[in-house]
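Chain IDs A, B and C follow the sequence of writing; residue 1 opens each chain.
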Amino acid sequence: MTVQTRIIFAICYIILAPFVIGLLDGFDRKVSARMQGRKGPSVLQPFYDLKKLFEKEFLTANKAQLFMVKSYLCFILLSGVLFFAGFDLLMVVFSLSTAAMFLVLASTSTHSPYSSQGTHRELVQMMACEPMELLVAVGFYLAMGTFKVSEIAVNSKLGVMYLPGFLVGFIFILTIKFRKSPFDISTSHHAHQEVIKGVTAEMVGKEYAYVTLAEWYENAILYGIIGLFFINSNPLSIIGVVVAILCVWFLEILIDNTSARVKWQLMLKLAWGVTIVAAGMNLFLLEMIKG
Amino acid sequence: MSTIHKSPWLLHYDGSSCNGCDIEVLACTTPVYDVERFGVINTGNPMHADIFLITGGINSQNASVVKQIYDQMPEPKVVIAVGTCACTGGIFKECYNILGGADTVIPVDIYVPGCAARPESIIDGVVKGIGLFKEKAAALEAKQKAQ
Amino acid sequence: MEMLVTALICLPFLWAILPAVLKVTKVRSFFVYLGCAIVMALSVTTAVLWFAQGSQTLDFNLPFNGVFDEIVLFGDLFLMCLITYLCFKWKKAIISLLAIVQTLFVAGLEFFATAPEETLTIHIDYLTIIMILIIGVVGSLIGIYAVGYMHGYHIHHHKELPDHRSFFLAMIFVFFGAMFGLVTAQSLIWIYFFWEITSVTSFLLIGYTHSQEAIDNSFKALWMNLLGGCGIAVAIGIGYLSLNTVNLYKIIDLAIAHHTNMLYLIPIAFLAFAALTKSAQFPFSGWLLGAMVAPTPSSALLHSATMVKAGVYMLIRISTAMADNYVGNMVALVGGFTFLAASCLAISVSDGKKVLAYSTISNLGLIVACAGAGYEETIWAAVFLVIFHAVTKSMLFQCVGAIENTTGSRDVEDMQGLISLFPKLACVLMIGIAGMFLAPFGMLISKWAALKSFIDEKSVLVSTLMVLFVCFGSATTMFYWTKWMSKILGQSGKEKSRDLTKNNEYVSMFFHAAMMVLLILGFPWLSNNVLKPLTYDMFSTVKQVISYENITIMIVLLVGVFVIPFINYLFSKNQKGKQVITYMGGANAGDNFNFVSATGDPKQMHISNFYMEDIMGEKKLFTPSLIISTVIIVVYLIMVVGGAF
């Protein structure tokens, strides 16, 4: 991959990701509403919300919060650039967990009961997801012989053929990552109100807008990883990628609308259980094949 | 151009209400009335809310709470008193602990009468409130520019 | 060079007499400072001189080598008598058996068996020099810290305890001497002697307060470490009787040359076993947790620079003989398992020192696992972790000790808003915690290298398990550090009070912090000029462990962690915003720390972290961890020993 293509991909990510993910979010709300027998808001609603949040008056419970939130956004952007410019997948995961730490520090800096409660649940969520994220990187390394996203993407092999268990595990933790029911316990992606919006409870106006934006950028990376399972050197595989991402997107909406929130204990056990069973078995088989 | 009128998030506070109005407020979010089509989200957090929706009267216990929640909402914001009790104190008005309607502690922009208020009239109130946002947002912008 | 190494080993032993006999506090403190300065200077001089001379691997004899041999032999017997006496004194006679059996066995061999051919006694290479630097620099700083800390400990906090500071400070110097001896010696007999000294001194340091808890814990440490000593004794025995050498390096070479013959693997297996006890891996973690009862400098000493590093040093030393065989698998599995189990346990405890203890065990687990895998990448990662962990952990222990002296509590829950109460202490603590787990710092690089090479590991089962251990272990590690960090950076409703930390404590802590920042910034240099030659010495191949691309990413992340928040801070500093109180359902009593209770009075609100005692609690996980790790060790030892006969 030349430097120019890397830069082009990175810039595309920075510019396009919020639009694409925002739009997907808008359709998400529309589809959810239809599933519930409602009409639902406009598909541009997420953008209206974001713009509004930037325009609101800025209130603050602790001055430290704003720069932590901004750092969170910057680190997510950095991880995204690393991913879409084709660098090391493991580094992307590490960088994402550093970013998440800033979110945690931002929300606990206020000494608020709701955001503190939400933060600790958020920490549990991070703990539930992290093994699977790392394992995905490991899986790609085993199947393709490299951690580099650029090399994985143009490989002659199709990732999903070798890594079905990893894909299942990853889709499972995506529900947690997207803050969808039944795992919307630290905060939720829309209207639901567990612990007064948990992590973001004390974030006002633009702070909340930054977090929303960061989440869009993060979701772009996560969809990107899904895409990585379906891409290979054949240009036509792009179609497969788009179809796969849309399927996963729809599946998450379906799960969101058909399940009730669980306790964090159950979430942790389920996430780790699925990780060990699905990804662990797949890992073991891959090692066997490798010899 | 502000978009706040396109995504008014509301916070619902239940004062000393008989819960009749509260049920009607929640009815607005059901498929029958579906306020979300206007971009309305029922948040639980004053820091995220644009519209403060009060049902029930103000008593000596909750006066400070209502005041505090109102202060925690960022500008521009609209306050809607839903139901007779929130407007005037209603049938509880003469009770020993009741101070009166919501406007005894905070400025109220829209009054929605009814005992209990009908979902249609609540939505009507909310839409009227949304109409107020344009001027409020403009006022805020002018104020910020002046600073 | 001969003179320098002799001085390194002998001087601390002799210097220990000074604090022991001097009873005037001021004079004694002066001599302790001086001693620490000399030890530090000596170790740095040795390292610099060695680098200047072209960093050759050196083998040589000490002057008066024969005398040293005699000292070692009688020293062993003396230690045996000392342990026996102490065991009888505290009515734990059964433990003395361990000491008597192994010492008589080794001494008997020396007296009666035909002595193996004479070999050179001292070995200096990159690993030795790194260990000397760690012991010399980090250890001495702890010595300096100890003077101030022990003063406060006896004068302000524990007036009821008898003042044995002379003894305490003397023991620290004995420790230095033993560690220097341990890392430079070639002969297993010498190593055994120094090994036993560290066991006994740590036993004495842990039992310092003579409370019942301290006595129990110190004896726990004693028997576990003596058990490890037995491992070395067995290795010596086989060396005498079958291999005709007790030189550690020859034993390693033999094991590599005859990698199909299990007989040559037995001494390696028992040395590895000994090292596992010393580095506090499961099932031998109990002693390091018990070591918490001792005053903080000794915990810092045991956890960072000495004791546990002796075990790790031994494993890294023999790692070439462990690549892809049963011993290596055993060590890797025990290490990986410990990494995961200890980090889970760390989630459930709130005592700051205990969290640190578990994190030490967990981190050592990763190092041990790296050594057990025995590839270039993992050794590279292991040595890097050793350096990093020594500095960071020593700093963290000192910091928690200082916080305890100042606030009267070392509980993480009581550190709410430390950043506003004691900013200096909080900053040191933050740097330390960041160093332990955050992305661009030491841990990440090592984890990257470790994961990569565990995937490449030959045994399918081991490889799968190790990858799972590392992935889950990183998740749990992140959990307990982040929640501690969030506690420190929160808000506090307490009044500011006076910082009681002594200046010499701060000197030591800031020096550590500076060292850590230097280590991070100098990481590419360190990798190229120290770690790569080190792995080259051991494997005779040069491999770019981590690609330049990833080093660049690492540097970007590193700069990012400092620069991004800083720039954001500058940009948001002047952000106008109305100050509001946090949301508590509208029931705040005027601020963020109190709420209006049901009776109408303001009540203080306390925010607590998650401890997950019903999932990760010590009661739930500790015993199963012991059983699993014991099974791993026993099964593999049986496979090795059974394979030989």
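Operating definition for what follows: a contact is a pair of C-beta atoms (placed from the backbone, for glycine too) under 8 Å apart; a residue touches a chain by one contact, two chains touch by 3 or more.
On a predicted model such as this, the values are computed, not experimentally measured, just so you know.
Asks: Give the chain pair, either B-C or A-B, that is connected by more C-beta contacts.
Replies: A-B
Asks: Please identify the chain with the largest separation between its CA centroid and the CA centroid of chain C.
Replies: Relative to chain C, the chain whose C-alpha centre sits farthest away is B.
Asks: Measuring from the mean C-alpha position of chain A to the mean C-alpha position of chain B, what distance in angstrom results?
Replies: Here chain A and chain B have centroids separated by 35 Å.
Asks: Based only on mean CA positions, could you tell me how far chain B sits from chain C in angstrom?
Replies: 60
Asks: Residues of chain B touching 2+ other chains?
Replies: 45, 47, 72
Asks: If you look at chain C, which of its residues touch at least two other chains?
Replies: Chain C, residues with two or more chain partners: 576, 580-581, 583.
Asks: If I count partner chains per residue in chain A, which residues reach a count of at least 2?
Replies: 57-59, 114, 196, 201-202, 204
Asks: Going by the contact rule set out above, which residues of chain C touch chain B in the complex?
Replies: 576, 580-581, 583, 585-588, 596
Asks: Across the complex, what residues on chain B touch chain C?
Replies: Chain B reaches chain C through residues 45-47, 62, 64-66, 68-69, 71-72, 147.
Asks: List the residues on chain A that touch chain C in their complex, please.
Replies: The touching residues are 57-64, 66-68, 70-71, 74-75, 78, 82, 87-88, 90-91, 94-95, 97-98, 101-102, 104-105, 108-116, 119-120, 123-124, 126-131, 134-135, 138, 141-142, 147, 196, 201-202, 204, 265, 268, 272, 276, 280, 283-284, 287-288.
Asks: What part of chain B is in contact with chain A in the complex they form?
Replies: Residues 2-4, 6-7, 31, 34, 36-39, 41-45, 47-48, 50, 72, 74-76, 137, 140.
Asks: Going by the contact rule set out above, which residues of chain A touch chain B in the complex?
Replies: On the chain A side, the touching residues are 29, 33, 36-42, 45, 48-49, 51-52, 55-59, 114, 190-191, 193, 196-197, 200-205, 208.
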